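My questions all concern the structure below.
So that you can tell them apart, the chains are marked A, B and C in the order they are listed, and the count of residues begins at 1 in each.
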Amino acid sequence: MNWIQNCWQVGAIAREIDAGLLGRTIMDERIVFFRDFDGQPVALEDRCPHRIYPLSRGRYADGVIECGYHGLRFDSRGRCVGIPGQTSIPERARVRAYPVVERYGWIWVWIGDAKRADPALVPAGYHWVDEPGWRAVHGYTHFAANYQLLVDNLLDLSHETFVHPDLIGNRTIAENPVSAEIVDDRYVHAYRSMPNIIPAPFFRDVNAIPGRIDRYHATFYTPPSYIVVESRAVPAGSTDPKLATERRNLFPLSPESATSTHMFWCVVRNNRLDDRELDGFIFEKGALTQEQDRAVLEEQQRLIGDDPGVRFPVAIRVDAGPTLGRRLHERVLRAGRGETLRSEVTA
Amino acid sequence: MNWIQNCWQVGAIAREIDAGLLGRTIMDERIVFFRDFDGQPVALEDRCPHRIYPLSRGRYADGVIECGYHGLRFDSRGRCVGIPGQTSIPERARVRAYPVVERYGWIWVWIGDAKRADPALVPAGYHWVDEPGWRAVHGYTHFAANYQLLVDNLLDLSHETFVHPDLIGNRTIAENPVSAEIVDDRYVHAYRSMPNIIPAPFFRDVNAIPGRIDRYHATFYTPPSYIVVESRAVPAGSTDPKLATERRNLFPLSPESATSTHMFWCVVRNNRLDDRELDGFIFEKGALTQEQDRAVLEEQQRLIGDDPGVRFPVAIRVDAGPTLGRRLHERVLRAGRGETLRSEVTA
Amino acid sequence: MNWIQNCWQVGAIAREIDAGLLGRTIMDERIVFFRDFDGQPVALEDRCPHRIYPLSRGRYADGVIECGYHGLRFDSRGRCVGIPGQTSIPERARVRAYPVVERYGWIWVWIGDAKRADPALVPAGYHWVDEPGWRAVHGYTHFAANYQLLVDNLLDLSHETFVHPDLIGNRTIAENPVSAEIVDDRYVHAYRSMPNIIPAPFFRDVNAIPGRIDRYHATFYTPPSYIVVESRAVPAGSTDPKLATERRNLFPLSPESATSTHMFWCVVRNNRLDDRELDGFIFEKGALTQEQDRAVLEEQQRLIGDDPGVRFPVAIRVDAGPTLGRRLHERVLRAGRGETLRSEVTA
């Protein structure tokens, strides 16, 4: 797979590595995540160079990993710091350490050229997680599908009507026209206004707005796989911004392999911030929504097979977002690994 | 796989599509079966041309399929008749429609050249399903084995002794000689008389003939995969045709892939026509019998592997039927797709 | 796979074939094991030459196998002795018979050149099973890993510390130095003394020596895959041989395929010979120990993939045994199939 590697990818939800070792493959690289003695996140090559065994299956204590087969110990920089039965450490006894940053409740890892791993390049568009007056709920879903199928999916929300009719979709979405554009040659903006509609069940329950609403949603996509979905509702006809319920749905998608993807997702809202029951409700419905997409996209991947150069025979109007997304992705990919991605995942 | 495609293949038991959509692969082609507004059977390519997703996973109403991903709608001729959010329909928004016929309780589909799809070519040998004075029970079993292994199996019923000893076989079968011939260069006829034998358990229960019987069975095979098995029993020594119990076991076998087959099966009998309990008994024992064959043939397929040109090292006398069957099949295959198959599956 | 075939491999624990047919693949060859009329072990090609079906799925009576598909019968020399419906037997109706020997509670089979299959070449080092004053417990574990990974594992027992901490390992093992040498160009001897240590749980329970012990273990390896592990414990500081508890752990490893292995294992002890509860305890803990190794080696195999030429990047001191083992194995393999293996698996 021809990856765009010089960028930050989410490897884990931060709390996943609070308790110990986590093995996860990002862009075909097996990585073990953990915290060092000071609690700082670490990402190492997940493969002991002694007898080729995953370090993530070993033991962890005080910021050091001990291999579960012969007990070689590695520190947070990937240097071997102990070999049972000997005091000298061979030069080659080391594993690769990846640049890593903890931000917005996620552990970000840089697979490409480490010299270019600037923490300032972590997509700023995910700032919503830390924004005062907003509340975030994190989740994770594994997809056996290429990440571009997930990007297509999130850039065309008309599918909510057909894939999520009982949750976030109803007939009013697909019939409203979508607009899409590439902005500054850096990201895709696709958006749709749905005036005076009956809200789908999830929105009715979360927004707590009685009756019809004016709904608006927009997807922002920055290659290779950063998505923010903006969602807004007001009582139909209202122009009072204080009555607006807003959410940002954050999707830093991390390719696992050519045919599988880690979907990290986070729903950030500006209403009922202290409502812990609503947190649980959003998590549950979010997970259900991703499961519905997963069923569709995994079947789509099976039909497509392993062909990375698939062409879709027929384009329609709702494809405006995905079409621009693929075009911008191709442009970034062709520009080569030498191009550092900007961080504008805007919403 | 080098298929014989210019012929009718069973795609479904008719009642399977009464309630909605059915996705099934025939000769490597994914097809969705359903009924149009008038109840007529339809077979379409099971792949939405918009984003490559199986239509069989969509919704169905009033003879129209709606894709489960973005809601494109297709009629029974495969034409797109609706796209959410737009009124114009692109030229390429269509899926292939296969010729289809409903007959003998089955939905028949024609994968090859549609111009040659003459309903008169549906194998007339399966007329027993509709015959007055006879009663049919339909079933279906999936085999992870090439269809020619199933044809071999049904053309040599000596295997009943070893594979089905508790149901339809006992030691008396394999010891009686089999005769076989190619008739009119069109079908294989293999048959065996078993005079004065103790009936196997299934025959004892179904025939309701006390004591020893004269048993007769014959297999008729027309390439590529049409089988009729004739089965007859009379009290030993009797020449009174009124005492004869007869069955026709119909097997229109439909290749799914090079290593898997849809076995449609139907048992038609001329006795105890109104006995609903006997219907259930025959269905249950039929299903058990196919399961026993399935275990054997799937293991045989595993040992053979994917080699389509397998040669069996040793031939014995009971192979007379299978040997002629393979010969006739080869002849039809070499004659090319240009040859329309005749419909004589005789019994 | 480039096998060393001119040697005896264990195909079964002897009692596995007392009751009937056993199908097992050795070095990619499918074999059916059973006993002939006189109780002598037999190993035949597990593939009926009539229609390519495993004989091990058939029936067995009086030293003869009957194929489960069409009833062809084969005797212990692989000759067809019966075909239903005919009296003549075709010349080619035979299966390969492999030389076979029953010894030390195992059925040994010779896959290579039958003319060189000398029973004297059965590894004499396994004589402990029959030794007066010793008691043997047999077991079997399947590994989805190449046999050389198992040899590596048993030639470096420092892994006990990390893989088996609750059973046979503790921190004192890996810290004691190991010695290793190739003896007479025929076998590898790797050994370690552990004076005045606290015994690991299994040893504490089995040895019944209170307090600290002097422990000693040694692995003897003869290519391709014969292992004997010697284990000895005395009360710390004692020189009285009568106080020593000894065991021989026998591992005739039989390759199944390039990535899987039959681990036959046998624990032979010189104490508490009549203690049937101890037999059960040893079996249970032995099986648990192999399961722990299985989890590690199968994961190691997955990481390595199918590459037979894998090189381990870093060598450390405890690798002395495995390194010599791989070197001797390579030498035997290069010497070609023409070299008959000697039988010195010494302990």
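Everything below uses one rule, namely that contacts are C-beta pairs under 8 Å (C-beta built on N, C-alpha and C of every residue); 3 or more make two chains touch, one makes a residue touch a chain.
This structure is a prediction, so every number in the text was calculated from the model and none was measured.
Colleague: Drawing the touching chains as a network, do you get a line, a ring, a star, a complete graph or other?
Modeller: Graph shape, chains as nodes and touching pairs as edges: complete.
Colleague: When the Cα trace of chain A is superposed on that of chain C, what is the rotation angle, expressed as a multiple of 5 degrees?
Modeller: Here the rotation carrying chain A onto chain C measures out at 120 degrees.
Colleague: Can you check whether chain A and chain B touch via the same residue numbers (shared by over half) or via different ones?
Modeller: different
Colleague: Report, in whole Å, the distance between the mean C-alpha point of chain A and the mean C-alpha point of chain B.
Modeller: Roughly 48 Å separates the two chain centres.
Colleague: Could you list the positions in chain B whose residues touch two or more of the other chains?
Modeller: Correct list: empty.
Colleague: Where on chain A does chain C make contact in their complex?
Modeller: Interface residues on the chain A side: 30, 47, 49-54, 57-58, 66-72, 83-86, 90, 92-93.
Colleague: In their shared complex, at which residues does chain A touch chain B?
Modeller: Contact set of chain A toward chain B: 152, 156, 158-159, 161-163, 174-178, 296, 299-300, 303-304, 310, 312-318.
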